[in-house]
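Structures for review follow.
Here come two complexes built around chain A, the first alongside chain B, the second alongside chain C.
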Partner chain A sequence: MKIYVCCKQVPDVAMTIQIKDGKFISEGMNYVLNAYDASCVEEALVLKEKYGAEVTLVLIGDEAGKEALRKGLAMGADNAFHISDPALNNLGSQAAAKVLQAFFKGRDFDFILTGKQAQDSDMGLAGGILSGLLNLPYVTNAVGLDVQDKMIVVKRQGDEGVEVLHMPMPSLITCSNDMNDPRIPSLKGIMASKKKPMEQVSLTDLGLSADEVLKESQKSSLKSFGLPPARKAGAKIEGDAQTLVATLMEKLTKEAKVL
Partner chain B sequence: MNKIVSALGKFSLLLPGMPGFEAFERDVVLKLTPEAVLRPHTKMELLEIVKICQKEKIPYTATACRTSVTGASVSDRGILISLEKLNRVLTRPEPHRYGMSVQAEAGIMLKDFQKAVEDKGYFYPPDPTSWEEIQLGGSVATNATGENSYHYGSSRNYILGLEYIDKNGNLVWLERNLNPLNLPKQKNLAGYSLELEPLDLLIGSEGTLGIITEIKALLLPKPNAFLSLMLFVKNETEALRLAQRLDQHKQSLHLICLEYMDEPATQFIKKRSSRFFVPQGCSSLYIKTETPEGKTVEEFEDEFLQLVCELYSQSISMSPELIDHSILAKDYLELLEFRRMRHHVPATINEISVVNQKTGGGKVSSDWWVPIEHLVEHFAWMREEIKKLNLPSAIFGHIGNGHPHVNIMPKTAEEKQASIEFTKKCMLRAASLGGGVCGEHGLGKIKTWALPLQWDQVSIDKMKSVKAEWDPEGLAAPGNIFV
Partner chain C sequence: MNFELTEDQKMIRDMVRDFARKHVAPGVLERDQNGTFPRDLINQLGELGLMGMVYPEEYGGSAADTVSYALAIEELARYDASLAITVASHTSLGTGHLAMYGSDELKKKYLPDMVSGKRLAGWGLTETGSGSDASGMKTTAILDGDHWVINGSKIFITQGTEGEVFVILANTDKAKGAKGVSAFLLEKGMPGFSHGPKMHKLGLRSSDTAELVFENVRVPKSHLIGHKDLGFIQSMKVLEGGRIGIGALAVGIARGSLEDSVQYVQQRSQFGGPIANQQALRFMLADMWVQLEASRDLVLRAAVLKDAGKPYNKEAAMAKLYSSEAAMKICHQGIQLHGGYGYMEEYHVERYYRDVKLCEIGEGTSEIQRMVIARELLKA
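Right, the complex of A and B next:
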């Protein structure tokens, strides 16, 4: 089996996000593998261990992206493609899908996994658009994967519960981070990852021009960043149980008007 | 009781039986019922309460979040005063001759305080395992330490000034003269720090010298990225030797934390971990390093791993498969996983203890430390003693500070008594090697007997005279530290 995992590098969620004049300040940020993509890598590796597979990572990004790829390789992926070009900075979902479409052109694979969204923008669009461009069957929000009789068995979290779908190969599946707990790389994995192939791919290699990418990028653009408004301080009610209930009832009926 | 109601009745009193009172009756080890709990809204209200207590001779104990494991924060004598409502950061980070400083009220939660300074681009290092559930004031009154104390030292190293309420009910500000970063970065000795500055008496005083109201803390610039490595090692002697070698290379490895888990403790994490493989039958070291200025994480990672592997392979009996299984955490979620994993060890021991309590046993934990050069020899002696005890044990903790938490898990009352005797022997020997009998938890009410294990009578008398001078009526946190 040949499994491709599309990855993205995102700022480490632990760090304080700083925004100035509507722009995200990237200096001093650490970039890590998007948690949803880490779950994709983990699931692909489990399938590899079960049935045998080649797990390939693809990432569009600058130098910081290499570290995210290295992480996936250290977890156990076999090889990686790093698509990098000055024209590819701050890509929108549409443009990213277009670049990936060019990358997958003529490639042989059984399925593509992507995170259901990225932790930075939380858009959740690239996977869907890519499946459209590649004309592939598509499932979102997978929480479990297996392979049976040349079909991919996908458990997806739907609104009403978990749905089980049998998908043909090739397909594109976007994965939830509820699917698994991604492994933490061992020292052996880390050392091995430094020797694993990571191929650099430019826009020219993909037969795309900077203008084409720009045009796609403009279809949707991010106007500005802002921090969520600070939450208003809550009201604290004190007293014995009777006073508490009475005050709460009053607030719920008169102020919040929910009762 | 009547005396308290008549003296303090104008404040809102939380009395036994009222909703919310129960939470003030327990810390982690003791249940003691105070006559009333007061939760002043302002510093002036607090001051008034303390003045009345002093006039009426009502004992008062400051209480923060009651995570003390010594009974220090609960009392059945007089009242408890909770600082929970005095929880504001009072200043912006400001330049100070020793760096940047910030002032806050003592009742602020440590995690809120740390987040507030982090949002301004700074870092307040003290990191006890209980950091999410304690107050800044509680951490200062116990001189709390954590896994990063190996590099950063204890709370004391970050205190520039303190305000407290003195024996006459006055607010007194104590400013530090010396640079706190130059003070020894060692774990606690029991009792008061007699050799340093006046505010050092209050740090670690467990509420016995008065209530701390405000704290001026020293801030550091935010550190660079961390890397954490869990190294599996065949046996204890090898692990301790490796710890000593890592310690010798502390500077070039930029180590900030050096922790040990013996075989039983390491196997506890095996049961919990789905994210990495824990080999059978081994012990482990857990180290953390901070990327130095001017280097990228990747550049430093290569250098760091190379040196660690070299140190690891310097011992012939180290098995290469084990180093292969060692795991490296780099991003927030992985680092958090490591932290939780470590937290899982005491949690498991507590679960075993609860089961053992049903048959009269429980757990007997110790908090002694020795200078690291004595570690291997002290451990060898201790293992012989544990063999004689013939009881299950698990050891984990701050090996870089020579400070392991040794837990014996007796099933019966008789076994428990033997475990206590064993622990006393360890403490006495640790003190004689230049270490301490309680590295981080203090004496509180349940370990007052340990003071003479640490100090001679002359020193204890000096501490008693400090207490008599600062709190002549013995009203502040009675029962803590001294019998």
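Right, the complex of A and C next:
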């Protein structure tokens, strides 16, 4: 089996996010493997251990992206492709899918996994757009994967419960981080990850021009960042029971106007 | 000059941090209160390759550098110093002594299981009447045919009850004092080799400390480690590396106290706002941070020198001395910043304060470190 996992590097959500003048301050931020993608890597490795498979990672990004790829390789993935080009910074979902479409052109695979969304933008679009561009069967929000009789058995978390779908190969599946608890790479895995192949891919290698990517990227664009407004301090009502209830009723009816 | 960690070092640090947050932090209070030795965590650390990370691949290690080792100990100590001292003492003392001076035969037989964490290692130098001064050592080893016969006892031995392989020091030529001491490898279960109960300690309560007793223990001749009568000199070298580990342990504990304090002062409200607004407390925090960073730099500097194959004796002594004493101050202030809550068990800072005291004592007291440093300074 040949499994591809499309990954993204995202700011470490454990750190404090800083925004200045509508811009995200990336200086001093740690970039890590998107948690949803880490779940994809984990699930692919479980399938590899069960049935045998080659697990390949693909990532579009700058130098920070390499660290995310190395994390996946340290977990146990076999090889990685790092698509890197100055024109590929701050890509929109549409453009990212277009680049990945070019990457997958002519490649042989059984299925593609990717996180159902990225922790930074929370868009959740690239997977769906890519499946459309590659004309692949597509299922979202997987919480479990298995392979039976050359079909991919996908447990999918729906609104009302878990659906079980049988997907043909090849397909594209987006995964939830509820699917598993990604393994912590062992020291041996970290040491071995240095020796695993990580191939650099440029836009030219993909037969794309910077203009083409820019055009796709402009179909949607991010105007500015902002922090959610700070919560206002609550009001403390004091007094005996009678006063408490009366004041509360007054506030609910006259101030909040919810009653 | 470059203060940046390599990508490998960062990955190892992040991996241990991830493990410590997920698996070590939960349950640390219970382990401390009940003195429970976390064998399951040791097994997990073994699977991750952290029970002998610095040793060669042929013995199952990853040949990681000392900087990575120090970072790993710091990350573990941040959440559970008892676990960190277990890993540090297992790695650098018992396993370290065998790896540095043992014969190929002994290393092939014992190291793989020690490096994988399957069998825990202990190291026995200290006796009731002898610690840093080896001339008072009473344990003896006398050659009898193909065996050494060992008699005596060792005290305060980490992994005393849980350990399975021990390197112990014994007198082989009493007249020569410290120059008549040799190292031997002992296994749990050898007739006449026993241990006392787990000892109750001020801190590091879920680490395992006990007395070892040797009553006519017959040890095969081949279990002599390195040359006869050179055991004390070997021990000094073993301790040199161990000091980097204790320094890293102090840094980890102190970081715990500082991080918890930073969180607490922003949450605790008095006089109409968070107590973090009080300048007196801000100054305390600033001092704690400076001391922590200086400590870590000293520890990593000693580690960098060791990795480069350069002498690091005084640097390791400075790192251990400074970081343990700074950590004592930081942990003391950590409780102060927490006020009454800091005195209670559930706020961790009192545990850090109890745990960190060992760093000023174990593997050479602060006074011994000062002797080592002054000796270097006054060398003609």
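The rule is short, and it goes like this: the second predicted complex is superposed on the first by the 233 of 259 C-alpha atoms of A that agree within 3 Å, B and C clash if a C-alpha of one lies under 4 Å from a C-alpha of the other, contacts with A are read in each partner's own complex, and residues count from 1 in each chain.
As a working rule, a contact is a pair of C-beta atoms (placed from the backbone, for glycine too) under 8 Å apart; a residue touches a chain by one contact, two chains touch by 3 or more.
Just so it is clear, the model here is predicted, and its values are computed rather than measured.
For A:N135, is the partner it touches chain B (first), chain C (second), both, or none of the two (neither)?
neither
With the two structures laid over each other on chain A, which partner does A:Q148 touch: chain B (first), chain C (second), both, or neither?
neither
I'd like to know which partner A:V13 touches here: chain B for first, chain C for second, both or neither.
Only chain B; A:V13 stays clear of chain C.
So, does A:D240 touch the first partner chain B, the second partner chain C, both, or neither?
So A:D240 only meets chain B here.
Applying the document's definition of touch, where does A:K188 land relative to chain B and chain C: first, second, both, or neither?
Once the two structures are laid over each other on A, A:K188 reaches both partners.
Applying the touch criterion given at the start, work out whether A:K71 contacts chain B, chain C, both or neither, answering first, second, both or neither.
both
For A:S224, select first, second, both or neither according to whether it touches chain B, chain C, the two together, or no partner.
neither
Please report the chain A residues shared by its interface with chain B and its interface with chain C.
67, 70-71, 184-188, 190-191, 194
Could you please specify the touching residues of chain A with respect to chain C in the complex?
Touching chain C from chain A are residues 67, 70-71, 74, 184-188, 190-191, 193-194.
Can you name the residues of chain B that touch chain A in the complex?
For this pair, the touching residues of chain B are 18-19, 118-119, 225, 229, 274-277, 297-298, 302, 305, 309, 323-337.
Can you tell me which positions in chain C touch chain A when the two form their complex?
7-8, 10-12, 15, 18-19, 22, 47-50, 53, 62-64
Sort out for me which residues of chain A touch chain B in the complex.
Against chain B, chain A makes touches at 12-16, 30, 32-33, 35, 67, 70-71, 181-188, 190-191, 194, 240-241.
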